[in-house]
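Worksheet: the structure to be examined is printed underneath.
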Amino acid sequence: MPLLSVKNLTKSFGGLTAVSNANLTLNKGELVGLIGPNGAGKTTVFNLLTGVYVPSSGSIELSVGDNVRKINGLKPYNITRLGISRTFQNIRLFKDLTVLDNVRIAMHQNVKYGLISSFFRLPSYYREEQEVIKKAESLLEIFKLDTKKNELSRNLPYGEQRRLEIARALATNPSLLLLDEPAAGMNPNETAELTDLIDWIRKEFNLTILLIEHDMSLVMKICERLYVLDYGMIIAEGKPEEIKTNKRVIEAYLGEEVPHA
Amino acid sequence: MKQLFSFKNLKYSACVVALFGVIQLLISLNIFDDYYQITIATICINIILAVSLNLIAGFTGQFSLGHAGFMSIGAYACALITLNINSNYSFFLGIFVGAILSALLGFVIGIPTLRLKGDYLAIATLGMAEIIKIIAQNLEFTGGAAGLSDIPQYTNWVWLFFFTAGTVVVIKNFINSSHGRACVSIREDEIASEVMGINTTKYKVLAFVIGAFFAGIAGALYSTYFYVINPGLFGFLKSVDILVIVVIGGMGSIRGSIIASILLAIVSTYLQDFPEIRMILYSLILVVVMLAREFIKTKKINLDILNIKKYIKTNGAR
Amino acid sequence: MFSVKRLSLILVVIMLAATMFTACSQSSNTNSNEINVGLNYELSGAGATYGQDTVDGIMMAIDEINAAGGVLGKKINPIKQDNKTDPAEATSITTKLATKENVVAILGPATSGATKASIPVAVKNKVPLITGSATADDITVDAKGVKEYGYRICFNDSFQGTVMANFALKNMNAKSAVVLMDSSSDYGKGLAKNFRETFTKAGGTIVEDEAFIKGDKDFSAVLTKIKDKNFDILLISGYYNEAGLIIKQAKDMGINKPILGGDGFDSPDLAKLAGNSALSNVFFSTHYSLLDKDATVVKFMDEFKKKYNKDSNAFNALGYDLGYFIADAIKRANSEDPTKIKEAIDATEGFKGVTGKFSIDENHNPVKTAVVIELKDGAQVSALKIEP
Amino acid sequence: MEQFVQQLINGLSLGSIYALIALGYTMVYGIVKLINFAHGDIFMVGAYVGFVSITYFNMGFFPALLIAMLFCAVLGVVIEKVAYKPLRNASRITALITAIGVSLLLEYVVMFFAKAGVRTYPENVLPNLEMTILGVRITFTQVCIFAVTIALVILLQFIVHKTRVGKAMRAVSMDKDAAQLMGINVNNTISVTFAIGSALAGAAGILVGVYYNSIDPLMGIIPGLKAFVAAVFGGIGIIPGAMIGGFSIGAVETMVSGYGSSLYKDAVAFAILILVLIVKPSGLLGKNTREKV
């Protein structure tokens, strides 16, 4: 049973079709890349998977435990609760909040205490808040951000902001993690570090990862499978080595950015 | 349980009790006579209003220009109850019903309007408050334009302090809980917040409802302190007054709202001595304060830029 | 974090100090050569027109009194405060005047809301408070009894409403009326309510009940609506600011039915707003008539025009009377004790002011004659006295 | 039917005033994203300047109109330079509170000098003519107001769409930084916008003075609020939208007074506003924009 299966996914804005008839399958534990030239509709796919956009047609199914849930049309927060989490291409941290708060907010759905407890700080508040802090700190430790937990996230250097966004995404306790250009703007050293980190968290957290990335070294190194998107259509699917030699893919990239691998 | 009695909590509680004690002492020694007590009442009511609006506008980032509308619901409900039910409990019943009705209205109005953003939300909430005002102006049982008068004065310093401290504590606790953080995340980035599993509509409405609830309490206290209410009191300018306190104190700062409430009340008592040009001075102060604040802030930003330059210098250019 | 805390602490200290400072500085400004009288008025906000006009009248009276040697050998010192047309602010100011400024009496406020909020404070502090223009019936007396220290020297709504309804019924043989009231002021609503009650009780019908709010300028919609209706008279229950415009627009539109109103009409601005030609067949009740050629009235009007370079209106006149009224009470009390002054006010008998000769009844209202004035081409052409 | 047409005419002349004020609101909002609450008070100042010109300097209607517009234009620019410009990068709410402060300042400075009472324009500033067509009465003043409004709107459309300044205005309203990079003097463009918007408000002020014959220092609050409602109603930032919004609010108001209850005319106007916002948040003519994720 695949974790995620997307069938005939289409999204059009007015006359423009951003994604058309895309089919995608992710198996549990896979690390899959989604590549394609700029404007191909990769981020739109992420937005559709996370409910930020409502699909025009098609279906998205996610297996949750032993059930398969149709998630197209659900609100983003419901989808997150079912186990999909993501980062953003143009980092969307809660900039004026501390690093710790950023992670704690993402843990919101696991907090069970009610409003009354929060108003009057009943024992359940203290109990759960402590747990939240503990979890958040251990997560930050993994991303080497624990020493900066009280800093405002806007003050972090770029690379750390990227890492924090991944940490925040993990805090929602996802089964499927969508990473939107996690290495954008990083230098080769940082990228290499990040590559290892992604690989590590996948195993540690038992994740399935779908990754948008322009940095082909990263993609080729860690992705087990790739989907190639062009003009909103999936033009190729396969192992990295296969994709590298796929004619249509090379054509799609020509005049744009030849994959340097 | 241990944390409940933590040093920090104890310290805060001690401060609150001490503040109450000091003012109570000053009142019983008649150093704070009737006149100062009225000023204190105004301050307390403004603190409740400002802190509750801050929850909506400052923490949740929903720009509301209709807070006076919620206040009026609490004021009218409490006034009508205390005027018509002659019992020792009518004051509490009035406050309770006023706050609940106000919260209910916040819920009913919040659901459709909170889909709007920024200035559009502001103008919609402004319209909402105006509609409430016009309805109150034309209903028989609210006394029409004359409003209600001879409302028994139940509110006294003790209740004012109790409700003000209560409002501040409850809202502060809320902000520092997971629910409050959910609200703040909406202000920071609504889309990211939703993707992080937060039902943004629910939390926007919740902030609106809680804010309305406390505005209702403030209205109820107002009506049972100042004897008289009428629709004209709860117009656009009242909403603006509350917003001014929130902005001067700082969006998203409860401490700021409290300090600004006190400062503005003191400024207002000083301005009473300049009856002819009172409003001219007030408006000038308002403009100058806003400009000065921005001036100081940009200076700070400049300092930050220097720091970044320094940072780049010491860490080498990337 | 720490510095913010420290800062706020410093602020609190400064504020406490400041408050203390005002407490000390203010208790010292009693001057034994002067008698302090508080003026709690709407100098800003929606009621500023009425407040400022009344204060002009009061100040003129006090200047005259002081120029003539004051009362009890002392000058009257008016302590003017702005209540912003806000009941809470009016309460605060009344308290300040009563407790900090040692006033012997408080004049004002002009609007009913602010007055209602001020009277409980006056009662609590035992300082008489006299309003010149708050007309709501329950200002001085309500279900719980007479407000011990609250007085007024103007008509109340039920008196004027009844006067105009009876005038319409008896003098004009009116059977049907259109009521157009200022729904944003309790004066407008109170007058209309009492008119309606008396008029319908005597068999008249209200054909149309319409309203406007203070500041409205365009009444064409409502007037178009009533234009073709069948009615005998039009009651405009409001102040001259809007009434003048309504009369103008109504006449322009060809509505030539008689127009009735209360003392809110009594201002030279009515003619300016409506235009002299439109001001015919207009009747309103007020305190005094220019046809009387009463020496007090003529003198007041001349002096007022000289002093302020404009014609006086009812608010100016009521304010002027307030000044003399309180001086008279202080003189008769022969004391600066507010309680004694209150007793003197209670005993007022036949006080002669610009707005008529009046006594104060047990409900703290003036007993005075109303005059119904007819306007023709902007000028007063007849005056009918109506005893209370 | 006759009555309906009459009410429509009444609504249009009232709406013209709202439209003129709304235009200034919408232009300023379009370019600096500021709800300029002082705009209603500039309208009031215009009325007073007209009053002074006509009463004390015995000017005719058109010279007075020009002077009022000129004075308000200067006032608008001064306010922008002194109070708003330093806040251009501040939070919107800071600018809003400042605008409210400026609004109060204008109101009470005028009240200080002119007192709170009403002032009346002399009669017959415009000839007191009227005509009746099929039972519908139209006065010369109404025609004038309508004509002046339409003329000014056409002029404005011309400025915005056919002149260099207009092009600059549109560019700045779309992207201030890009406009700057393209060599547009952003500061001057914003000043011009304030000048034009304020001049229109000044024109509305004198028209109100002539039409209704009554002005007072607080006269700007309610029309200002309603004009803003009109601007949002039509789609804020859009010039034809402000005009349509102005006429709509005017018409709604008179229709509610004429056929419903005059007590609730303002409530209905606000209720419609809220409904419009909920159904189409960007106003009647506004385009819905999507946030890029």
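Some points to look at:
Order of writing sets the labels: A, B, C and D. Residues in every chain begin at 1.
By our rule, a residue touches a chain if its C-beta (ideal position, glycine included) is under 8 Å from a C-beta of that chain, and two chains touch if they have at least 3 such contacts.
Just so we're clear, the structure is a prediction, and the values are computed from it rather than from any experiment.
For chain A, the chain whose average C-alpha position is most distant is C. Core chain by CA centroid proximity to the global CA centroid: B. Averaged C-alpha coordinates put the centre of chain A at 71 Å from the centre of chain C. Chain geometry summary: the mean Cα position of chain A and that of chain B are 39 Å apart. Put simply, the C-alpha centre of chain A and that of chain D have 49 angstrom between them. Mean C-alpha positions place chain C and chain D at a centre distance of 34 Å. Looking at chain B, residues 137-138, 191, 276, 279 sit in touch with two or more other chains.
Residue numbers of chain D whose C-beta contacts span two or more other chains: 108, 111, 221, 263, 266, 293.
Residue numbers of chain A whose C-beta contacts span two or more other chains: 52, 88. Listed in rising order, the residues of chain B touching chain A in the complex are 1-4, 170, 173-174, 177-182, 184-185, 188-189, 191-200, 206, 318. Those residues of chain D whose C-beta lies close enough to touch chain B in the complex are 29, 33, 35, 83, 86-87, 89-94, 97-98, 100-105, 107-109, 111-112, 221, 225, 228-229, 232, 236, 263-264, 266-267, 270-271, 273-274, 277-278, 281-282, 291, 293.
Every residue of chain B that touches chain D in the complex is listed here, in rising order: 57, 63, 112-113, 115-120, 122-124, 126-128, 130-131, 134-135, 137-138, 191, 236, 240, 243-244, 247-248, 251, 276-277, 279-280, 282-284, 286-287, 290-291, 293-295, 297-298. Those residues of chain C that touch chain D in the complex are listed here as 43-44, 46, 48-49, 51-53, 183, 210-213, 215, 217-218, 220-222, 224-225, 228, 241, 244-245, 248, 252-254, 269, 272-273, 275. By the touch criterion stated above, chain B contacts chain C in their complex at residues 31, 33-36, 38-39, 42, 137-138, 144-147, 149-150, 153, 222, 226-230, 232-233, 255, 259, 262-263, 266, 269-270, 272, 275-276, 278-279.
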